[in-house]
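Chain IDs A, B and C follow the sequence of writing; residue 1 opens each chain.
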Amino acid sequence: MSTASRIPPPESQLSGWQPVIGLEIHAQLSTQSKLFSGASTAYGAEPNTHTGLVDIALPGTLPVPNRAALDKAIRFGLAIGARIAPHSVFARKNYFYPDLPKGYQISQYELPVVADGTLAVRLDDGRVIEVAIERAHLEEDAGKSLHEEFHGATGIDLNRAGTPLLEIVSKPVLYSAAEAVAYMRAVHTLVRWLGVCDGNMQEGSFRCDANVSVRPAASDKLGTRTEIKNVNSFRFVEKAIEYEIERQIRALENGEKIVQETRLYDPTRHQTRPMRGKENANDYRYFPDPDLPPLAVTADDIAAVKAAMPELPEARRVRYIDALGLPEIDATQLCADRATADYFEAVLAALPGEAKLAANWTLGEVSAALNDAALTIDASRVPASALAQLLTRVREGVISGKIAKDVFAAMWTGEGSADEVIEKRGLKQISDSGALAAAIDAVLAEYPTQLADFRGGNEKLLQFFVGQVMKRTRGQANPQQLNALLREKLKGE
Amino acid sequence: MSSSIAQLAQTLRERNTSAVQLTRDAFAAAKASHADLNALVTIDEAGALAAAERADAALANGSPSALAGIPFVHKDIFCTNGLRTTCASRMLEHFVPPYDATVVEKLAAVAAVSIGKANMDEFAMGSSTENSFFGATKNPWDAARVPGGSSGGSAAAVAAGIVPYATGTDTGGSIRQPAAFCGITGLKPTYGRVSRFGMIAYASSLDCGGVLARSAADCAHVLAAIAGHDGRDATSADRVVDDYAGTLAKPLQGLRIGVAREYFGAGVAAGVGAAVHAALKEYEKLGAALVEISLPSAALAIPAYYVIAPAEASSNLARYDGVRYGYAAKEPKSLEDLYTRTRAEGFGAEVKRRILVGTYALSAGYYDAYYLRAQRVRRLIANDFSAAFKSVDLIAGPTTPTVAFKIGEKTSDPLAMYAEDVNTVAVNLAGLPAISLPAGFSEGLPVGLQLIAPAFAESALLNAAHQFQLATDWHLRTPGGVQ
Amino acid sequence: MSIDAATVRHIARLARLAVSDDELAPIAGELNGVLGLADQLAAAQIDGVAPMAHPHEEMLAFRTDAVTEPDRADAFLALAPDARGGLYLVPKVLE
């Protein structure tokens, strides 16, 4: 065996039962055109307007594979340390359904392009598990059946038919709903990081089937599994698996047998129920697609994909800790997605040596503002270059860190660049020692009692004087300079 | 119209006739023979005349193609934009494709004039053209006999002199066998030499577009026009198209012809064997050496073919479901009813038989014993050829074991019909090029000689066939007499 | 291997071909004939012989990732036995 299977952690057992879960994730590859035709993959078009001769399966038409889809599959395979097959084979999965125009789906069966990888998954409690990925293969998506539009009829929209998917199949090595969801999130992060999938779950670009079984805790034989189809949110996957585990345990404890079947998750009732109809009794008659000779991948092909590969999240996380000296928690959060990490790096590039400052702002002000506005970091109203300018002014002592937060807020609402806001609002720090000295003298003259107390030994009053000077300078006093000068004056020299 | 392509091209360039005139002549011949032969399913008078006018203009401007302005027919398996393409099936009786097949595009690009679509066995499944929704095509040599199949309409149209050449497809012998039965020359190129885009699929790993014409020289002109790489077909070979016409004249001195003993088995009629042996003697006179060879797995070709081809067909024909185009059952009660009645009513008996056989061969529990085993045998068959071609340049034998049989003679016995393909199917399994050329007569009916070459050696095949045709006149015999 | 009426019904169902009860027996007979032919394969010496699915060993054409198909929905839908509102229609499918 090339991949050792994990041992279930003891806490994953539930009253003597061990749940075992494997996930089949369908990631839509972010290509312009379909897997086997030149029709557009763009989401949301009028029905059937993104179909070509091949997609409606006209007689005589033939599939021709999209090179970019293959390269994206290889990129994913390399990222999980998998084997890239020198020859993989497209196979036909035969079944009749109106959203499947050819009467078969072109997929990969015996020889997938990617096999035997692993992905390190960080759980919420900080533990890291190594999840074995059995395979990832290329296949085409089906169209959509619309059941609501016409009385007594179902409408078929083939826009999605032929869209490239990468089906990522884990081994059954996940032992709780929480582990399954953490793994799903890690895959989601990775495919977006690699630029192979946009990860948009509302549009169905990233969806998941879960194979769930339970067995007596002492057993090492897998129980009969059920497959929960097409769940498209992290929360629903967790709920669906939790429900299914409980249902199976209850059934087994009542002496019932689990039926191997496909089930659907009902998000309103938080339940799974068996899928109706023939889906459960199919004979797909897989065989190599005679229109598509074996897919050869050479060492040169792999080298080319490797050369274009971004630094992987784990490598970057380690670099942030080791080379930049960031705390582990910052590094982990920054590397939760590539856009955040790239934003951080763009800020850092303009502020060499200020990793901690750039990290604090990226994970602090920027994240909070994005959250409030429900924006992703690519759409940040303060782009990395603008934040870099703001932080440069802090480092130069033009404004204080505290003022910078106000400037940031103003920048966020569109008042202008950091320099414009500072200028417009007159926020430049007073670093002129003459002006500062004058302000301090005025404060000391105003509060003779407090001055006497201080000089009598009540050093806590230092903060009181700082506050008063800040008030008088409308917060623009350079804090370090103020501190030094104030101490001098308070001593009465 | 029994002149050769070269003669017609010459006449056109000398302005002794026009493309429009040749096209009208072809219509007249087609109509005159229709009741007797039923060779064509569709005649496209308006489209053909428009194409002929364009061809005359191209000729006036000095069009370089030998095919410019010369009428021909397409087998009704090639999709033609705006012109119905039926595959001789009720399923596609009214189907008008919104695009052209690559072969159709390529012939149009050299100003060749298609006058219509030729009859065939439904979805190219058959060896007699009796399995057509539009009725059987008859053999111009004897209307009581079949023209062979599945490209029987193409073969009959050429043999009857309606057109000088026709396109065809060959999955297990569907160009060569009708060429043999009709006394003409039929070329099945190497798999991948001619694009399959727009050629309605029967068995994708075996299907091959090609040409039926009077002579090898004519085949060379047509192959030059239709061969080549096509980015719309992932099985299309990306290699240079040879100068087929330019190599026809090469003498055959030193050519080694392998005579496979398996191709002269007990099923070969005495008259057919005698004609083929006489033809081989002719080759010796032309300087070729005959070498006896063996293809040990030859007997397994038919069993392997009748598993692989139906398996692929069962999947290829799943798209005919009554939803997006083609025939649909009336008033379906449910989706199942729409599917099962559309397919039961839209397909003929032989097509359904092959779909069922193929479905069975791929189904759980039988895949290994049938489909997978057949694919292993397929490699044995291909290996036989590779081994043989180490010591010979071409392999020869009778194209068919018998001459054209009677209409209705084998319709009730599928196995007898399948046995017709005994000498042709192995070539498709291995993906090789082969040609059938007229080699004499038996019982007053034409006999075909098959020559097989290594992959992409079409030039060698055409050269050998042409030299034979310079020395003999079998290919000039027509049902009406010698030309 | 011998095909009976039940097997014919099963295969016909997989292939979505309507077959009436009185057709079952004759079809079984025909299929047994064809499969009898296929059974000759059992005699072949195929140990260690790799299956050959295709005359070519490698994919011979790829597409670069570009949208090349124009919107021809109207022309395509016009081919359909039943299409309305830009959709192909089929009898109601229950999920």
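Here is the rule we use: contacts are C-beta pairs under 8 Å (C-beta built on N, C-alpha and C of every residue); 3 or more make two chains touch, one makes a residue touch a chain.
Bear in mind the structure is a predicted one, so any value in this text is a computation, not a measurement.
Annotation: B-C is the more contact-rich of the chain pairs A-C and B-C, by number of C-beta pairs in contact.
Think of the whole protein's Cα atoms as having one middle point; the chain whose own Cα middle lies nearest to it is C. Averaged C-alpha coordinates put the centre of chain A at 56 Å from the centre of chain B. Work out the mean CA point of chain A and of chain C, and you get 40 Å between them.
Rounded to whole angstrom units, the spacing between the C-alpha centres of chain B and chain C is 23. For chain A, the set of residues that touch two or more other chains comprises 53, 56, 64-65, 96, 98, 154, 156, 283, 285, 287, 290, 292-293. The residues of chain B that reach two or more other chains are 95, 98, 205, 231-235, 314, 318, 321, 323-325, 335, 339, 359, 363, listed in rising order.
Those residues of chain C in touch with two or more other chains are numbered 14, 16, 53-54, 56, 59-63, 72, 76, 82, 88, 90-93. For chain B in complex with chain A, the touching residues are 78-79, 85, 87, 92, 95, 97-99, 101, 196-201, 203-205, 231-235, 311-312, 314-315, 317-319, 321, 323-325, 335, 339, 359, 362-364, 367, 371. Partner chain B is touched in their complex by these residues of chain C: 1, 3, 7-8, 11-12, 14-19, 27, 30-31, 33-35, 37-42, 44-46, 49-56, 59-63, 72, 75-76, 79-82, 88, 90-93. Touching chain C in their complex are the following residues of chain A: 31-33, 37-40, 46-53, 55-56, 64-70, 87, 89, 96, 98, 145-147, 149-150, 152-158, 264, 275-277, 283, 285, 287-288, 290, 292-296. Residues 53, 56-65, 92, 94, 96, 98, 101-104, 154, 156, 283, 285, 287, 290-293 of chain A are the ones that touch chain B when the two sit in their complex.
Those residues of chain B that touch chain C in the shared complex are 95-96, 98, 191-192, 205, 229-238, 297, 299-300, 302-304, 306-307, 310, 314, 318, 321-328, 332-341, 343-345, 347, 352-353, 355-357, 359-361, 363, 366, 369-370, 372-380, 382, 414-415, 418, 430-431, 455.
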